[in-house]
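Here it is, the structure, as structure tokens.
Order of writing sets the chain letters: A, B, C, D and E. Residues in each chain are counted from 1.
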Amino acid sequence: MSETIRTLSLIMVCAPLLGSILAGLFSKILGRKGSHRATIGLMLVSLGCAIAIWILVIFHGGSYVGTIYVWGLSGRYHFDIGFMIDNLTAWLMIVVTFVSTLVHIYSIGYMADDDGYTRFFCYMSLFTFAMLMLITANNFLQLYFGWEGVGLVSYLLIGFWYQKETAVFGSLKAFLVNRVGDFGFIIGIAAVLTYFNTIDYQTVFANAQRLFDANTTISVFPGTHWSVLTVICITLFIGAMGKSAQMPLHVWLPESMEGPTPISALIHAATMVTAGIFMLARMSPLFELSQTALTLVLVIGATGALFTGMVGVVQHDIKRVIAYSTLSQLGYMTAACGASAFAAGIFHLMTHACFKALLFLAAGSVITAMHHEQDLRKMGGLYKYMPITYITFLVGALALSAIPPFAGFYSKDAIIEAVHNSTIPGHTYSYYCVLFGSFVTALYIFRAFFLAFHGKERIPADTKKHLRESPWVMWVPLIALAIPSTVIGALLAYPLLYKANSLFGNSIFVLPKYDVLKGMAANYHGWFSYALHAFITWPFWFAVSGIFTAWFCCWYMPNIREVITRRIAWFYYILVKKYGFDDFNQIVFAHGGRRLGQFFYYVTDAKFIDDYLVNGSGRAIQWGARMVRRIQSGYLYHYAFAMIIGLLVFLGWLEITDTHIGLFKLLTSNYFTVE
Amino acid sequence: MTTTFPLLSVLIWLPIISAGVIMMTGGDENANWARWIAMVASVIGLLLCIPLYTHFDVNTPKMQFVENFVWIKAYGVHYGLGVDGISMPMVILTTITTLVVVLASWTTIKTKVAQYMAAFLVMQGMMVGVFAATDAILFYVFWEGMLIPIYLSIGIWGSANRSYASIKFFLFTFFGSALMLVALLYLRIHSGSFAIESFYPLKLSMIVQIFIFIAFLLAFAVKVPMWPVHTWLPDAHTEAPAGGSVVLAALMLKMGVYGFLRFSLPIVPNACQQLDWLMIVLSLIAIVYIGFVAIAQTDTKRLIAYSSVAHMGFATLGCFMIYLIVKATGNIADAYVSLEGAMVQMISHAFSTGALFVGVGVLYDRLHTRNISDFGGITKPMPIFASFMMLFAMSNVGLPGTSGFVGEFMIILSSFQGNFWVAVFAASTLVIASAYTLWMFKRVFFGQVVRTEIAALKDISALDTMAFTILAAVVLLIGVYPQGLLRVLHASVGHLLQLAHVSKL
Amino acid sequence: MTINMILEQIVFYAAAVTIVFAGIMVIGSRNPVRGALFLVLAFVASAILWILLEAEFLALALIFVYVGAVMTLFLFVVMMLDINLEPMKTRFVRYLPLGLLVMALVLVLVIFAVAPQHFGTAKYAVPQHASASYSNVKELGSVLYTTYMYPFELASVLLLVAIIAAISLALPSSRKRRLQRPGEQVQVKREDRLRMVKMQAEKKILPSRKWLKKR
Amino acid sequence: MISLSSYLILGAVLFGLSIAGIVLNRRNIITLLMCVELMLLAVNTNFIAFAHYLNDIAGEVFVFFILTVAAAETAIGLAIIVLVYRNRNTIDVAALDSLKG
Amino acid sequence: MVFFPNPIPVPQLSLVLPEIVLLALTCVVLLTDLFIPARSKIISYLLVQASLIAVAVILILQFHWPTTYTFSDMFVFDKIGSLMKIFMVGVVFFVFLYSRGYLRQTRLPQGEMYVLGMLSLLGMMVLVSANNFIPLYLGLELLSLPMTAMVAMNRGSGIAAEAAIKLFVMSALASAILLYGLSLLYGTTKSLDINQVAQAVATMPNSQYPVVILSLVFVVIGFAFKIGAVPFHMWVPDIYAGSPNSVVLFVSAAPKIAGLGMAIRLLVQALPSMNIEWQALLIVIAILSIALGNLVAIAQRSFKRMLAYSSIAHMGYMLLGLLAANPTGYGAALFYILVYSIMALGSFAVIVLMSNSGIEIENISDLQGLNSRDPWLAFLLMMLLFSMAGIPPLAGFFAKIGVLEALIGVHLVWLAAYALIFAIVGSYYYIRVVKVMYFEEPKITDPIQYSMEARLAMSVNGLAVLVLGIFPGVLFTLCQRAF
């Protein structure tokens, strides 16, 4: 069976790559249609393989761990390209290929009149390839390959409209911030190699406990002795912070909305940004052994969940609202991992992939209809024109707000509960964050919802003329996503989270003392009762009040928003300024880095080294030459005098010094003899 | 294995003789003759590298394809050639680069074509000579002799400030290698032979080792170039014609690191161990400080030039981390990664940076400017070109899947074994390199097309595409399957590590 | 000590003092004619010394060749050239201390070596006077054409050189020769060397250049 | 008894004198030439003294040749001086400085 | 009756055959030249070259003969002398070849120039094979007096006259100093014969030591002056700058070889036991020469002056070999000077050839854009300059290697390092000339006119440094075997 899985995995991974190559290099031959047919066809192949693998793995207990080829051998280390197909991977690849396929299809409509049509498909397939490499990796090298690969495609896609200044800026920012994360990540990998002497997952995980028991420490700063595992976990988590946009490395994600909307759905909501969460789950055998790291993960995640969500409340761009929502939800997932509820995190990842992709695609549908107008203030009352979009968006919003029985409810509630039950330091703070977060979530998404689809029509007249529902290639994916957004929570909550032998199998490792989900499993009695139970829990009422507030402010009494804004102007200002992260980065890092570079270049390099030292020595020599040149005065008696001086000096020197031990010896002695 | 066919000699002399033939074609009225002869010569050179690779025995650190004749009996100088795992890839690199240079200069060089092509072929021959020489004087002859053609190529076909740049280049490199000659002569006096291998078992006291180390350091550090003797490079690269920049970046700089590997480490291991901190610090300065300097550049070529310095910092770091690593882990086998990483980094840098220089040359040829601010939106008229450049920029950034990643990855990983902070500083390149590379890329290739000249640009010609395709193929090949390169290194690197850890006191 | 010895010493010291005095005057005299005459004096006194040293032939040769020919030549040239002596006066005194210092140093260093401890009578006994039949000329002649045949031939070539050189140098220059005139060379103006030619500038300017200029 | 060193010291003094003369002389070249003659005289005296005290004719032969050479030298030297005078209208040493640097 | 009290053996005239032939043919040239009209000066030119070829042939044929003394041991025939003579004759041959056009154009008296040049050559030959102080001194004078006359030969030029008078006074002074030293040496060793002097000095009692030291200093100065080493170099730049180009060509190459020959006779052969002392002196002289020569050359605008200073520096490098005070070092120094003579000859030849059109080329800027005007000439000059800078694979590099290796062999590593550091400084002015030739556009674009045979000679000369760079072994071995 494992051979079958290997073959299927290979096909699954390589099919998108092939598609990408076809669309990228042979677009002239294939044409637009040919390109999208090729890529989508190959995506379907990939999806099929993914499903087959999923069936084999989940239902037949299959798995595969092995090397595809040796990437490099060096000393006693080997770096391989290989697959590790287990339950976690199986779930993830379903999500990736499924969403990717839908987004491919959707893009036919969305990108219909774009110049870079084939390029777009090329990038998307390439992205899928990289993402699949990431999740199928059996070692850190390949993980890093996929990790950077998705980063690259993200960069390319954000800057897809390369003539748009903001897009190009956003892409650069995204890449750089991601690189900051990768910086930590590679240090983490280096630490793994150093202390485990391998970068293969299996060996690393197998030896983690031994390393923990040995209490190996590393002295990062002189005098400190930090647990190696903590250092590894934290550095790896820095990578996750970059990729999964955790505070303070979240700043790139809102900017990434400059890219085409399908990309926002695929990369910046459903898949790539969740790579960090996947990585945390994958590394659970390591993280579990470091409480410090878990605390950090929990606190960072929870903080992000609340505070980035609040920024979403004040955004006017429909995509930005959803982007901040993504940040917030990523915070939830991270917090889940921090609370050792890795399964809940991954589960939320899956549900989130569905409903967030749905929301984005729906928003995209709106945007296309509105002729690429994204400002909520110029919408309103769209429900009449775009019913399908309206309904699917609503489904997505409900799922996001964790209203039972939509998918989001099961995953998010589990997270909030897990954080509540956690015993890791910082869990109380985190609990309040995630709890209040559920109010904020509902508030911003329904604010957007009401502003866009209800209330007064603020649409410009010429747009209005062409306003109609999107073509089928766009709404079919919406529906295809709306269904799982509704049902998978109820379907999968039990088998994934609470079942004693969950569908994640052994792929997630949790220490018994941290296993919060196990405690929650006792209270879970089927999806329906769990949904009913929600009515007596805080998160539900927070969410409902969020929806209510949104309804009140945006539909029922739109003018009150002005009043509130004025009342809490300082708070509003902080939110609009996004807590100052962007300005801070711009001033300190972007500007500061450039200034530092300029200082180094103009002052140290050009002035000091080059001008003073290098050219200076040249000038000194020339000056010396001019000085010495003066000796040659042209006067015969000076010439003769020089000769006589030479005579006198030589005579005096030789006669005065004791020639056999004096200066000669000094000049001719053997300094450099071989001993 | 030893063949009777003098493959290396042919690789050295064929281009030089071709250069002579090219010179006979005369003036620019026969320019196409010159071009075609150069092309044929470089293609033959490349073809000759195939047996070099396939007949290479990866299991032995010994010199292969050995040729050894007495050259100058009176001096005890031999015409000794041979390659091992360290030099063989460099030889192939040289031949590929020359072909690229010939292709890239096909249309851009319009005056004194014959002299240009001849200069580059002579360079090729001499460069192969540097990498293949097993005799110290032969090595030095090629090492220094190369200055002449490159000096001329910068000076004759360079841009406005070429005289200054070429003279600076010449003096800098000459300055560096002068003391090396003293060291070589000194070693020869004590070993009785100029064969480089005869220097290895020589017992030398610490003070002598340190002196020799410094002599070598000056020579090689200037070539690499290491901070603070790097300032010739931005000028030389900037003013040189595209081909010159490529050869400088792709090959000349490698000679420095090659020198460290061939001379410093095995000949004066104790001094290397003693002074490895110095080398590491200088390498890190190159990586971090030069990275920041690159950010501040307003000239594309200069920026790439500085990025070269930063990348070569990795190569030197890889060479000299070995002592810390072995000290930390106590196992020589751990140091392989670092040293092999350095080798891969060198070769990878040759292709990615070389390609970037060719690219800038393409732009300069069309727009007659190198200022970043004069560009913008190049992607629009030249999408194929932009795609290639994106690939090479990404390799420059060290993206996995491209060759640029392999070396950096290996070196960062292994330097962690030696010291945490070294790894941290080295890894900072992830951010810095992407900052300067992509920021430049953004300003050059992205954005609105504001100038009519840019809008009127045509995409690159078939010849350029060919050159870029060769480079891109290698970049990807090394990135995806570095084992093809690493396998030839193992035996020699292992031998080198042994030598570098034998105390000679 | 015989009377001969005393006489010898008197002659020696008288001649030595004369030579030194004459030497000083050669250096110090403002007028080269006087200098030349003092040089003659020095030569004559030296000839006396040389006779003391039993080198009669050379002493006579010194008189004949130097006093008779060389110094005459000197005087001839000095008088032929009309030398303006006025501006040269002051320099002598100004550099006198320096000259004395140099001289003193040379003397100290040289005399240190040739002092009696190295060349005194203890080491180099005063030779017996030659017999009356001794002929310096014969002695010299007998080796000059045998042992020293080779240098003798060379000396003749040297004299040939002197003839050729002196004749060809002193020959008045012919008119047509292209000469360097340093005075004119120094005063050359840049207009003479470089001619500025007005030319119409190239009209076609590359568009990109134009664009650059605009910035 | 006149020792050899007396002659040598006389030679040394003459030699020193002529050196001083060359240093001091910033006037006409003729005096410079005379200083050189004086120097040769010192040398000759040395040689003859040595020849006498060593009882070796070689020194005297050398002097013979030195005299010959000096004569030839003087001829050429004076010819050049004449040439200088013809071209520059002066034989002032201080004026002969167009070649320098 | 026995007129000769001690009949001496008849000298082996065959050993001196080159000198005899040269002198005889010089006289023939001298006489024929008188009767040849100005238009037909080519006859005397051909005669001169033919005689030089004859001399060279004789020298080469004699080369393998063993070391022999003749003329009452005043003349020594050995490999050192033969090698030097062959080169000197060859160099002078080339000098005349290059100069012909120049002499014709500038209307300098051709016949006299040839005759004086040949006599000077004779002096050099005598000098390098002297085994006695007397012929040594005579050879020296025979070398320098015609040279002085040649410098002054441009009778209408005040500058040339100034150069000549400087050379004359300085060389007279140097000769006098040398003679003073020789006289003291004679006094202590009781001999003028070089071998006997060597023996006497070796067995000399310590008390005589200061005297020998004194004479040593004088002798070293005499020789240092001849090759133009600091601080006895002052005449060199002025002579180079002031003389007609063809005379510079003559002065720059062959006499340097003779200078080394003189040093070998005087220091190596006459005073070998004083080697520590003269080694120290030469170290100082070499240090100063290398530094000053290289430094001041940078500040020059005149190509001739620049090469003059460069020659000072090169003499410093040559001394490095000599001061190693062992046969390897002497061989290296000999090789250096031979290679240098080729390089100097070639570099000056370029300006001589460029001056053919009547304009005296002397400034570096006159070489502007030579590559465009005459690529081959530019290429050859570039080779010569790079060779002087010591860049492989040119002869100058191996010359440097030789002396440095000798130096390191006697543990003077610091001196080798010093020398090389100044070689870098020095390379600046060479490559600056290359820059002017190659990187700049010419102001005058007329092609340079010179005869075919000069072109051929120039090619031979320029390629010689390349060939000697690639195959220095033969010549180097010859140089080494000479000692």
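Just so it is clear, a residue touches a chain if its C-beta (ideal position, glycine included) is under 8 Å from a C-beta of that chain, and two chains touch if they have at least 3 such contacts.
Since the model is a prediction, treat every value here as computed from it, not as a measurement.
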* To do: From subunit A, count the fewest steps through touching chains until subunit D is reached.
  => 1
* **Identity of the most central chain, Cα criterion** => B
* In angstrom, rounded to a whole number, how far apart do the mean CA points of subunit C and subunit D lie? -> 4
* Asked: Distance from the CA centroid of subunit B to that of subunit D, rounded to the nearest Å?
  -> 64
* **Chain centre separation in whole Å, for subunit E relative to subunit A (CA means)** => 76
* For subunit E, write out the residues touching at least two other chains, lowest number first. => 134, 138, 141, 145, 148-149, 152, 155-159, 165-166, 169, 173, 177, 184, 187, 210, 213-214, 237-238, 299, 408, 413, 428
* Structure fact -> Multi-chain contacts in subunit C, i.e. residues touching at least two other chains, fall at 102, 106, 109-110, 112-114, 118-119, 148, 151, 155, 158, 161-162, 165, 169, 182
* Asked: Taking each residue of subunit A in turn, which ones touch at least two of the other chains?
  -> 629, 632, 634, 636, 640-641, 644, 647, 651, 655, 672
* In their complex, what parts of subunit B are in touch with subunit E? -> 71-75, 115, 137, 140-142, 144-145, 147-148, 151-152, 155-156, 162-163, 166-167, 170-171, 174-175, 178-179, 181-182, 185-186, 188-189, 211, 215
* Touching subunit D in the complex: which residues of subunit C? -> 1, 5, 8-9, 12, 16, 19-20, 23-24, 26-27, 30, 32, 35-36, 39, 42-43, 46, 49-50, 52-55, 57-58, 61-62, 65-66, 69-70, 73-74, 77-78, 80-81, 83-85, 87-88, 91-92, 95-96, 98-100, 102-104, 106-107, 110-111, 114-116, 118-121, 123-127, 136, 139-140, 143-144, 148, 151, 155, 158-159, 161-163, 165-166, 169-170, 182, 186
* Contact footprint of subunit C on subunit A as seen in their complex -> 641, 644, 647-648, 651-652, 655
* Mind pulling up the subunit E residues that touch subunit B in the complex? -> 371, 375, 382, 386, 389, 391-393, 397-398, 401-402, 404-405, 408-409, 413, 416-417, 420-421, 423-424, 427-428, 431-432, 434-435, 438-440, 471-473, 476-477, 480
* Structure fact -> Touching subunit C in the complex, subunit D uses residues 1-21, 23-28, 30-31, 33-35, 37-38, 41, 44-45, 48-49, 51-55, 57-58, 60-61, 63-65, 67-76, 78-83, 85, 90-92, 94, 98
